[in-house]
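Below you'll find a set of structures to go through.
Both of the next two complexes hold chain A, though its partner changes from chain B to chain C.
Moving on to the complex of A and B:
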């Protein structure tokens, strides 16, 4: 044991300075490593943004991300596309899928999760097991039966197969996520609301939904990003070009031209990223609260 | 305000566990009834059945002249204060208070008037624009109280409302709640209250009457004084009072001066017992409160000789723990009368005061010494 009372003051000062210096060095090393790895991970993205302002000729001649002669030509030509429609049209198509899907998911998953988390009803355990089972089922397995089903309903080449299942709480993952979040919320508030005279629906709307907000926002965000990025779904169900969402439209520019106009593809890829990034940063605070609470406390 | 009656109310859970065994309880209009008992005695379940938050599996609950068994909580004319306040965390205090009235679609000016009045009574006017997370425990509890008060319910239900507060605040809130109850009574709008607690101090100080429960049965319903002085059974006797009443097996020999024998020692109780125990003899449980167990010199006449096992100095009094065989006793002696030479391990005489002796049936625990009292 070191007897601190016996240590002269100047020694303890020196010791403190040493500790401080050590902490500084350690922090510098840690952050340098983090920054380096972060940069490696984000470099393709940075390169893509830079390259979208390059000419096609420059793109493969220099590895640097900074364009020598910055040009907006990629954006201008890319926006026009090789089809009769502008890229804006494809953005709108994506939007027509995303909006009903996100809203429907938020509402339906909240309702279903509320039911599972708070009510007793016959067959609850079996139904819940079914929901979890679908969570474990790989997507690919259901592709063909789903396709046949939607073909028989006559929904091929429409947006419906892309959003209706999700809007009817078809995404078990989100239901599960909200249930886990709900389990961490004490029931007293809901009981207080019932004593205050609220019926089940009023309790859900006035009390449960505000408490669930972080989880619901996370669900919306996930659904937004995943739908925006979904390529396989539209590829399977949508055949006419005028209904293509952006994910298919990007591929379109690769298909139709013989010499790929990479600068146009990259420029449109950058535009495609913007909505997801914007939404993510707007909702970041709630998003992190939502996934951490749901995950840790659940 | 209305009366509340429970008639053979039962609660059996889905797994077959019977939590409440057909209890009968009447709470008069404007009465402050405390349900008290150890944890697991179903006092909270009973309260939640009155509130409608738990279903009733048998019997009837009457509030006023209606049977409310099948009514949702909001239609029963009750208001409830929860243990952890259960304020709506996303609403400001003002909205927390007025939420119930808004759901009832009361006119706006009436809601404002009621909110102002209640926040005035509870002195929470300056808190109206705060969120629950910005309130201290005591403030949150006052808001929770306000949320109940604003509804002007037939019956107030309190579910251990003070157990989350520190001791000092608990004492002041206790006074505040009883004051409020008295004030409402004086203003001619008496509030019928059912108050659940596990804290006997709360029960004794707040209740007009107290209902002591154990394992889903009612043990006794009485005013605090009766409960303390004439407990109906050994459970109530042991539950009410600090420190707990001494309860030890003994043998009774009746007579003009009955004789109690325990662990080979016999004492004659000259006064205050014979008239109360006609026809009782044999094995009984002797009950005597620590405050009514005199400490005398060892080997004194008519005193039990015990060995001191522990001494607790409480300041104004001393708790003397002693043992005779395997029977433990506690005696409370005022500090000024305590013989400071006594040490752990010393022999000491214990003399129960005859008029305060309780005898309980050795089998069923019922008090057999109050019949003729």
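Moving on to the complex of A and C:
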């Protein structure tokens, strides 16, 4: 961390050159380390994409990611699945789980975070403490009674157990994240709106939500990807194959495909990663901002 | 917000309160109660006192094995992941061209890593004639039986978790970038080398974030399910049979809800004790600079 512009005037040129050279060497070392580790990190993913276009025989014979005779057979056979449904059916199921869940999360978490960040009310400190406690509470300890509850009200084998807790701001992490964003936003504009006669709900919708947009987008993106990846929730609650999301469908394909049909399974795995990857690359900055705010300013 | 009823805020947090009572508080208490019962879903729960816990601690070899595997898994993955995340964040925290590209490359695995697709990929990579063994034999070494040897199997799921160091890294990186640059200049004028600067300036300033990452990663690692469930299926010889797998199978395969609740309370108790130790010890090592961070 040597700042060359502030080198005292009496320093000789030789020293300056030495410092410059040192900075160059440091940069080279950093680049090499980063590139090497980055390659190792990403190679499995690149390889996976390549392998999904290989024949089964080639998959187990060459570690190169480039298929010798590219074929779509893995995709074609994998898409048919061993069930009466195509893989597209499972994609629609995933989407049908995700969309209501994301909308419910965004609305409920915004309302709740607004309540915590902008109002005083009896029991507020206690309730806020429960947000933090829930953040740290392992789900494993509430899972069994939750299952029994959903069983008793007849919600098993439906998407309701996956939707409803989220629609009631059940993901404390998101509430916490929006509160952190709200704390950094000055209240002037909200107060001005109130003076102009807007009620609380109007202030929230027309003033606060636009300012909070980046945070709300982060919440939606994270919820989208977490739900896409979620396996244990559907595994416990969904029992009919026609309601399976892609995560369960993949597990099913491992269990039912003969051991040598790896290209089909990898092809379908690649497909299930595409939505998350697309969303991530389109909206990278929201992820980085979201995770940094939730974490650093905590 | 003058003029508002003092209950207005409660309306906004009402959905949360409802969810808290229905899906957190009630299940929390209920699972504690269930842990003292025998409950097979067919007849109503039958109170058995501390029988479940006695069985867990005295007669259940599977539990002993599962607990020790879980502790090994958590105490290796969490430190390794954090050290690695911090190391990369430090290397990245430098005005390098293309830093965003690297940040993305490192972050992608933590977005996808929890998915079943990646677990499937892992299962293939470490198969007998999979990618890893192809590389190993290409380099002239003997192929390794990844899923047949207990130690190796645990290694594969440990590696999967460390591979997802990106989210912790992004948090570290944000913290590093918020460290006041004038402190580094002052240190450099005083003749401090890079190691001293890191050890005595950077590290103390980012302890709040180290603490945050440590707690979150520990709580998450104790609940890992997808990796061992898909990749190793808990084997061989239960060497990757983490407690969440055991709880899942007891509850949803053998429908032994009381016993499963008791295991989950033991797991919860361990996580809680470790979290409390972390909070208690944080007074000694976490440094809060009068909220001067941005």
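Before moving on, here are some points about what is shown:
Just so we're on the same page, the second predicted complex is superposed on the first by the 258 of 298 C-alpha atoms of A that agree within 3 Å, B and C clash if a C-alpha of one lies under 4 Å from a C-alpha of the other, contacts with A are read in each partner's own complex, and residues count from 1 in each chain.
In the analysis below, contacts are C-beta pairs under 8 Å (C-beta built on N, C-alpha and C of every residue); 3 or more make two chains touch, one makes a residue touch a chain.
Everything quoted here is computed from the prediction, not taken from an experiment.
Shared-chain residue A:207: touches chain B; no touch with chain C. Once chain A of one complex is fitted onto chain A of the other, the partner contacts of A:80 are absent, as it touches neither chain B nor chain C. In the overlay built on the shared chain, the residue A:139 is in contact with chain C alone; chain B does not reach it. In the superposition on chain A, no contact is made by A:17 with either chain B or chain C. Once the two complexes are laid over each other on the shared chain, residue contacts for A:68 go to neither chain B nor chain C. In the superposition on chain A, A:41 makes contact with chain C only, not with chain B.
In the superposition on chain A, A:262 makes contact with chain C only, not with chain B. By the touch criterion defined above, A:194 lies against chain B and chain C together after alignment on the C-alpha atoms of chain A. Chain A has more of its residues touched by C than by the other of chain B and chain C. Common to the chain B and chain C interfaces on chain A are residues 120, 194.
The residues of chain A lying in touch with chain C in their complex are 1-3, 6, 27, 30-31, 33-35, 37-38, 41-42, 44-45, 47-48, 51, 59-63, 108, 111-112, 114-116, 118-124, 127, 130-131, 134, 136-149, 165, 167-170, 175, 194, 200, 225-226, 228-229, 231-232, 236, 246-247, 250-251, 254, 262, 265-266, 269-270, 272-273, 276-277, 280, 284, 287-288, 291-292, 295-298. Residues of chain B touching chain A in their complex: 14, 51-53, 72-75, 78-80, 82-84, 86-90, 99-100, 103-104, 147, 151. Interface residues of chain A facing chain B in the complex, by the touch rule stated above, are 120, 186, 188-189, 191-199, 202, 206-207, 210-211, 213. Looking at the complex, you find that chain C touches chain A at residues 1, 4, 6-13, 15-20, 22-24, 26-28, 30-31, 34, 88, 91-92, 94, 96, 102-109, 111-112, 114-118, 120-121, 123-125, 127, 129-131, 134-135, 138, 163, 167, 170-171, 173-175, 178, 184-185, 187-188, 194, 197, 208-209, 212-213, 215-216, 219, 222-223, 225-226, 229-230, 243-244, 247-248, 251-252, 257, 260-261, 264-265, 267-268, 271, 275, 293.
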